[in-house]
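The first chain written gets the first letter, and so on, giving A, B, C and D; residue counts start at 1 in each chain.
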Amino acid sequence: MRSLLNVLVIVLSAALGLVLIGVILESPSPARVRLSEEVLMQIGASGVTHPVTAVLLNFRGYDTLLEVMVLLLALLGVLAQMGKQKRENPPAGFYLTEPRMQVLLWLARVLVPLMVLVAGYLLWAGGHQPGGAFQAGAVLAAAGVLLNLSGLLPSWMEPAWNLRAGLVSGLLVFLLIAAAVMMTASPGLLLQYPPASAGMLILLVETGLTLSLGLILAGLFLFLSGDAIDDEADK
Amino acid sequence: MSGALIYACAGAVLFVFGVTGLILLPHLLRKILAFNIMGSGVFLVLVGLGQRDGTPDPVPQAMVLTGIVVAVAATALALALVRRLLSLTGKIQFPEESEGLGRCWKNK
Amino acid sequence: MFDPVPWLILLPLVWGCLTFLTGVGRGGRLVLAGLIIQLVLTIILARQIVMEGARHYAVGGWGAPLGVDLYVDGLTGIMLLLTHVVALPLVVYARAYFSSQAEGASYFWPLTCFLLAAMNALFMSADIFNIYVTLELLGLAAVGLVAAAGSAGSVTAAIRYLLVTLLGSGAYLMGVALLYGTYGSVSLAVLEPLLATTEISAAACLAAMLMLAGLLLKTALFPFHFWLPPAHGGAPAPVSALLSALVIKASFYLILRLWFDLFAPLVTTQAAQLLGGLGAAAILWGSILAFNQTRLKMLVAYSTVAQIGYLFLLFPLMTSAIPGAAESAMQGGVMQLVAHALAKAAMFAAAGVMVLSAGKDDIALLGGMSSHLPLTLFTFALAGITLMGLPPSGGFIAKWLLIDSAVSGGQWGWVVVMILGGLLSAAYVFKVLRQAFLPPVAGIKFKPVIRMLEWPAFLLALISLLLGFRSVEVLNLLGAA
Amino acid sequence: MNFNAILPLLVLASSLVPGMIIFFLPESRIRLRTTLNLTGAILKLLLIGYMLWGVQHDQSYVFRYNVLPDLELVFKADALALLFVTLSAALWFLTTLYAIGYLEGSPHRSRFFGFFSFCVTATVGVAMAGNLFTFFVFYELLTLSTYPLVVHRGTAAAIRAGNIYLVYTLAGGAVFLTGIVWLYGLLGQVEFTPGGVAATLGLEYTAQLQVIFLLLIAGLGVKAALVPLHGWLPQAMIAPAPVSALLHAVAVVKAGAFGIIRIVYEVYGIEFAQTLNLLMPLAIVASITIIWGSLRALWQDDLKRRLAYSTISQVSYIILGVTLFGPAGTIGGVVHLVHQGIMKITLFFCAGNYAETLGIHKISEMNGAGRRMPWTSIAFSVAAFGMMGAPLTAGYVSKLYLNQGAEMAEMAWVSWMLTASSLLNAAYFLPILYRLWFVNQPQKWLQERIRARGRWETHGLLLIPPVVTAVATLGAGIFADTGWSPLFWVKLIAEMEYLP
C-alpha cells in the first residue's frame, strides 16, 4: 500500500514535470503585458535608478513591507521555540578553545570589520546597481554568525528591550514612513512617495531595514545556537 | 528556444523534484531541503519565463528576491521547529510516520 | 473622506511591533484596544462599501499593472468584519486563558497581531503575487502559534502544518510564475480581462490547477485534511479558535475569488462537481471521525474538517442555470462561512474552558460539567446548534439557502448530503452534551475558572445564533458591488 | 410598530425572558425562581385572554420580520393558534405549579425550569407560527429545549432515552425541512391561510405535491408519534413526571398533531388535499396508530408506559378527525387537541402523584391506592372515563363529532374502528380503576415519601393541578354548548375552513 502510494506520487510528479515543461515551451499570450517597459518608463519618478530596487522599494514596496514582516514572524516563531532553561553566563563557542582554532579567530577579527564595510557599500549601491538592504543585512548577519562561531559573540538569550527595539526598528521605520507619506499628502495613498523626496525616503527605509534585517537574520541563528551548546553540554 | 527557457525548464524539473521529495522523504531535514529545491525551481521559472524574449525583466527579479526572503524565513522557522522536536523526542522524523506520505490518512 | 483601507494593514502591524517591544507575554490590553479601533474601522469600511460599492486602492499610487492594487467589495467587507468580530472576544478570552495557563503565552500577542495583519492584507489584495506573500505570512504566523504550546505533539503538528502550507504556497507560486510568464502581469484587474478575452492557454489551465490545488491543501479539504486536526486540536484553545474560525477561511476566500473571477473562463461543471464531491466526502468522513474522537478538542477539530465540506458544495450549486439558484448558493456558502467561523470560535473556546477545568482533554471526564460550568456547556450547545444547522442560527439560514438552491436547481444529491451531514453533526455535538449531563467521574475534581473565560465564548455563540435574524444585513453587504 | 403586532412577541417573551433569567440563577434562589415562573405564566395567560377577546372582536395580531429578503418570520394569533396557545399556557401554569412541588429539594432546578420555560416558549411559537418557516423554527427549538428535560436525571437510562428521542426527532426534523424548502421553492411563500395555498399550483404538480406531503407528514409524524415513528415516546417516559405531562399532553406530540392540522387545512387546503388523494392514506395510518397504540397499552404494567401508548393512540384521533372530510370531522379532530391535552395531563399528574407519594410505578402495585389518595384517584378516574369517551366528559364530545364526521365523509369503517378503540381503551383503563377502588390496599406502601396530613393526601402543589384539570375535563364535556367551551371555539375555526 505504502509503496503503491509512493509510486503514484512519483508518477504524478513526473507527469506534472512534463506538462510544466510543455507549458513553458508554449508561446506566451499575444496580449501579454510588457511590464519591464512600464518600469523603465516610470523609473524616473521612483527616486532610484536601478530597476530592481525601484520595483522592490517603490512600485511593489508594499510586498517588501510584508516581506520584512515575514522575517520578523519567523524570528518570533524561533524565539517561541527557544530553550526555556535559564542560562547563566552563556558559554560562547566553548568548543573553539583548541589552539588550531586560533586561525578562525584571527580570520574573524579581520573579516568582520570588512564585512561591515561591505554591508554599508551594498546598502548605498542598491540605488543604482545590484545591492540593497537585504543583501547588506545578510552580510551583517553573516558577520554576527562568524563572530559567534569564533567565540567572540555570545549566543543570544531572551532579548532585552534594546535588542527587541533593534529587531523591530526596521519595520517600524518602514511603517512610520508609509503612514507619514500617506498623511502628509492629500489625498495620500499608502507608501506613495512624493517623487522629489522618494530617493531620500527609500534610503531611509533601506538603512533602517539593513540594521534590523541584520539583527533578525543573525537572531535566527544566534537565538538557537545557545540551545545547541546546552544540548552539547548535556551530553 | 532561448536561454531563458532552458532555465525555466530546469526550474520545472527542480520544482517537481522538490515536490516529490517534500512528500516522500521521511527525514525532516531532507524535507526542508526539498522545499528549498522546490522554491528554487519556482524562482527559476519565474525569472526564466519573465525574460523569455531576451530582455531582463526587473519585476520577476524583485519578486524572486521577495520569494527568497520568504523561503529563508520559512526555512529558519522549520529548522528551529525540527531542532525543538529533536530535543523533545530525539528524532528528526514525524513520530508516527516512518516513511512517505502514507500515514497522513490514518487518523488515530 | 477618511479611508480605513491602509490603516487596516498598518495598525495591526504597529500593534504587533509594540507588543513585541513590551515584552514576553505582555500587551494583551494593547491588542484589545487596538482591535476595538480596527473593528470601528471595518464597520466604517463596510458602510462605505454598502453606500459606494466596491473599489480599488492603488498602493504607492502606481496602480496595476506596475504597482500593487488592493480591492474591497462586499465579500471583503464581510471577511474583514467577521475577522474582527471573532477576534475581539477571543482576545478577551486569551487574556483570561493565558493568565490561568502560561503555556504558549510567550509570543502570543505579537504573533496574533501579525496573523490579523496578514489576514487583512490577504482579504484586500488584488494582486496574485502579493497574495502569495500574505499567504506565507498567514502560514508562518499560524505555525508559530501552533508550535508555541511546546509539547512534542504540537511541535510535530506545527512542522507538518508548516510543510503542508509551504507545499501549498509553492504550488500557488508556480501558478503565479506561469501566469506572469504568459500574460506579463500579476494584477487581478489586468489578468481577468486578458483571460476572459483571449484564447484559453494551457499555461493558464495548469496555473489554475496548481494555484487551486495549493489553496485546497491549505484549506484542508478532504482528502487534504490530515494535517488539520492535530494542528488545531493540539494548540492552546485561543489559537485553535483563531485558526479554525478564520485562518482556514482565508484560503477558502481566495479559492472563491479565483474560481469565480480570475479563472471563471476556465472552470468547468465537472470541476465544480468534483469539488462538491470532495466537500460531500469531507462532510461525511469528517463527521464520522469527529464522532469517533475521545478527546474533546480533537472532536471539535474534526468537526472543522466536516464543516469545510459545506463551503465547497457551493461550487456545484453555482453551476445551476436556474436564476436565483446560483445566487442562493453563493449567499448560503457565505452565510455558512460566517456562521461556522463564529460558532467554531465559540466551540473551541468553550472546549478550552472545559479542558482547563477538568485538567485533561478527555470527553469521558466531562460528566457533571452541566452543573459545574453551565454557561460554558450552554455555549457549546449554542455553537452546536449552528453547526447542526438548526434554527434560528446563522447556520440554519445558510443551510436553508443551500438546500433551497439545490432543490430549485434539481441537484438532489447535495440535499441528501446536507441533511445527512446535519444529523451526523448532531451525533457528535450531542456526544459531548449528553456526557456532560452524566454524574461526574469518580475522583475528578474540577478546577474553578474565571468568569472572563466563559463570557467571551458565550458572546460568540450568541452572535452565531442571532446571526439568523440579521442575515439580511450580511447578504446586503455581500451584494454590494 | 403598533401594539397588536408586538403582542405575539410579548406572549413569547413572557416565558422566554423568565426562562433566561432562571437559567442563570443560583440553585438557592428558590423564591425568586418561583416568583419569576409564576409571574411569567400568569402574564402569559392575561395576554392571551386579551387576545382571545380581541380576536372575537375582529382584531388581528400579526408580527412580521424578514429573515431573508424573501423569507419571513411571521407570528399570527388566529383562532386556531389561540386555541393551542390557550391550551399550552393554561397547562403550563398548572404544570409549573406541579413541578415546583414535584421537584422540591431535588438538584439542578434552575436548569430544569430554565429549559421548561424555553420549551413552553417553543410551543407557543409553534402555535402562533404564521407560516411554515416559522413553524419549523419553533418545531426544532422544541426538540432542543425538551432534550435537556428528558435527560434531566442524568442516569444512564435517561441518557439512552435522550439519544433515542434525538435520533427520531432530529431525523424527522431533517425530513420536514426538506419538504418545507421544496414547497417554498414551488410557492415562494407558504403562509398559513384558511383554505390552503397549494391549490394555486394546480394539478400539474400533483406528483411533487404528493411527495412533499409525504415528507411533511413524515417529519411531523415523528412528534405526533404516528406508527411506525412512535418509538421514542414510551422511552421518553424516563423523564420526571411534569416533563412527561408536558411532552404528552401539551408540547411535543401536540406540536406534531397541530402541524398536521396546519398542513392539511391551511397549506394544502382540505379540498385540494382530497383532490390529491392525500387524506385516505393519512386516515389509514392514523387508524393503525389508534389500534396499535391501544393494543400495546394493554400489555404494559408500568403505569407511565401504559399512558404513553395510550397517548400514541389518542393523538391519532386528532389526525383522524383532520382527514375526515367535512366540518364534523374537523371539529372532532381539533377539539380533541384540547380535550386530549386536559385529560392526558390529568393522568400524568396522577401517575406522578402515585410515584412521588407512595412509590407506585406499576399498575400491579396500585391496589387500594384509591382509599389512601382519594382526590388523586377521583381525578384519575374522571380522566380515564374521559379517555374511554364516557358521557359528561370531554372525551365524549370528541368521539361524538368524530363519529359524525365519519358518517359525513362516508367512511363507515372509521366508526367501527372508533368503537373498537373505545373498547380497547376501556380494556386498559378499567383494570386500573378496579385496582384503585376495589382491591384492598397492601400492608405497607412501597416507599411512602409524603405522609398524609389531614385532608391533604399529598403535597398541596401536587394535588391541585390534577383536580383542576379533572374538573376541566368534566366542564368541557358538560358545558360543551356554551360560549366558553373549546368546542364553541373550534366550531368557529371549522366555519372558516369550510366557508364557501
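Assorted remarks:
What we mean here is this: a residue touches a chain if its C-beta (ideal position, glycine included) is under 8 Å from a C-beta of that chain, and two chains touch if they have at least 3 such contacts.
Keep in mind it's a predicted model, so treat the numbers as computed, not measured.
Common neighbours of subunit A and subunit B under the contact rule above are C. When chain centres are set by their Cα atoms, the one at the greatest distance from subunit A is D.
Think of the whole protein's Cα atoms as having one middle point; the chain whose own Cα middle lies nearest to it is C.
If you average the Cα atoms of subunit A and of subunit C, the two centres end up 30 Å apart.
Distance between subunit B and subunit C, defined via averaged C-alpha coordinates, is recorded as 26 Å. Taking the mean of the C-alpha atoms as each chain's centre, subunit A and subunit D sit 72 Å apart. The centroid of the Cα atoms in subunit C and the matching centroid in subunit D are 43 Å apart. Those residues of subunit C in touch with two or more other chains are numbered 129, 133, 136, 140, 143-144, 147, 150, 155, 174, 178, 181-182.
Across the assembly, subunit A contributes 20, 24, 28, 35, 39, 59-60, 63, 67, 70, 73-74, 77, 81 as residues in contact with two or more other chains. Chain contact topology: the protein chains form a pattern that is neither a line, a ring, a star nor a complete graph.
Listed in rising order, the residues of subunit C touching subunit D in the complex are 370-371, 374-375, 378, 381, 385, 388, 390-392, 396-397, 399-401, 403-404, 407-408, 415, 419, 422-423, 426, 430, 434, 437-439, 468-469, 471-472, 475. Within the complex formed with subunit B, the subunit C residues making contact are 129, 132-133, 136, 139-140, 143-144, 147, 150-152, 155-156, 158-160, 162-163, 166-167, 170-171, 173-174, 176-178, 180-182, 186, 223, 226-227, 229, 289, 292.
Those residues of subunit B that touch subunit C in the complex are listed here as 8, 15, 18-19, 22-23, 28, 31, 35, 38-39, 41-42, 45-46, 48-50, 52, 59-60, 63, 66-67, 70, 73-74, 77-78, 81-82, 84-85, 88-89, 94-95, 104-105, 107-108. The touching residues of subunit C, when paired with subunit A in their complex, are 5-6, 9-10, 13-14, 16-17, 20-21, 23-24, 57-62, 65-68, 106-107, 110-111, 114, 117-118, 121, 129-130, 133-134, 136-137, 140-141, 143-144, 147-148, 150, 155, 174, 178, 181-185, 190, 194, 197-198, 201-203, 206. Those residues of subunit A that touch subunit C in the shared complex are 19-20, 22-24, 26, 28-35, 38-39, 42, 58-63, 66-67, 69-70, 72-74, 76-77, 79-81, 84, 158, 161, 164-165, 167-168, 171-172, 175, 178-179, 182, 189-193.
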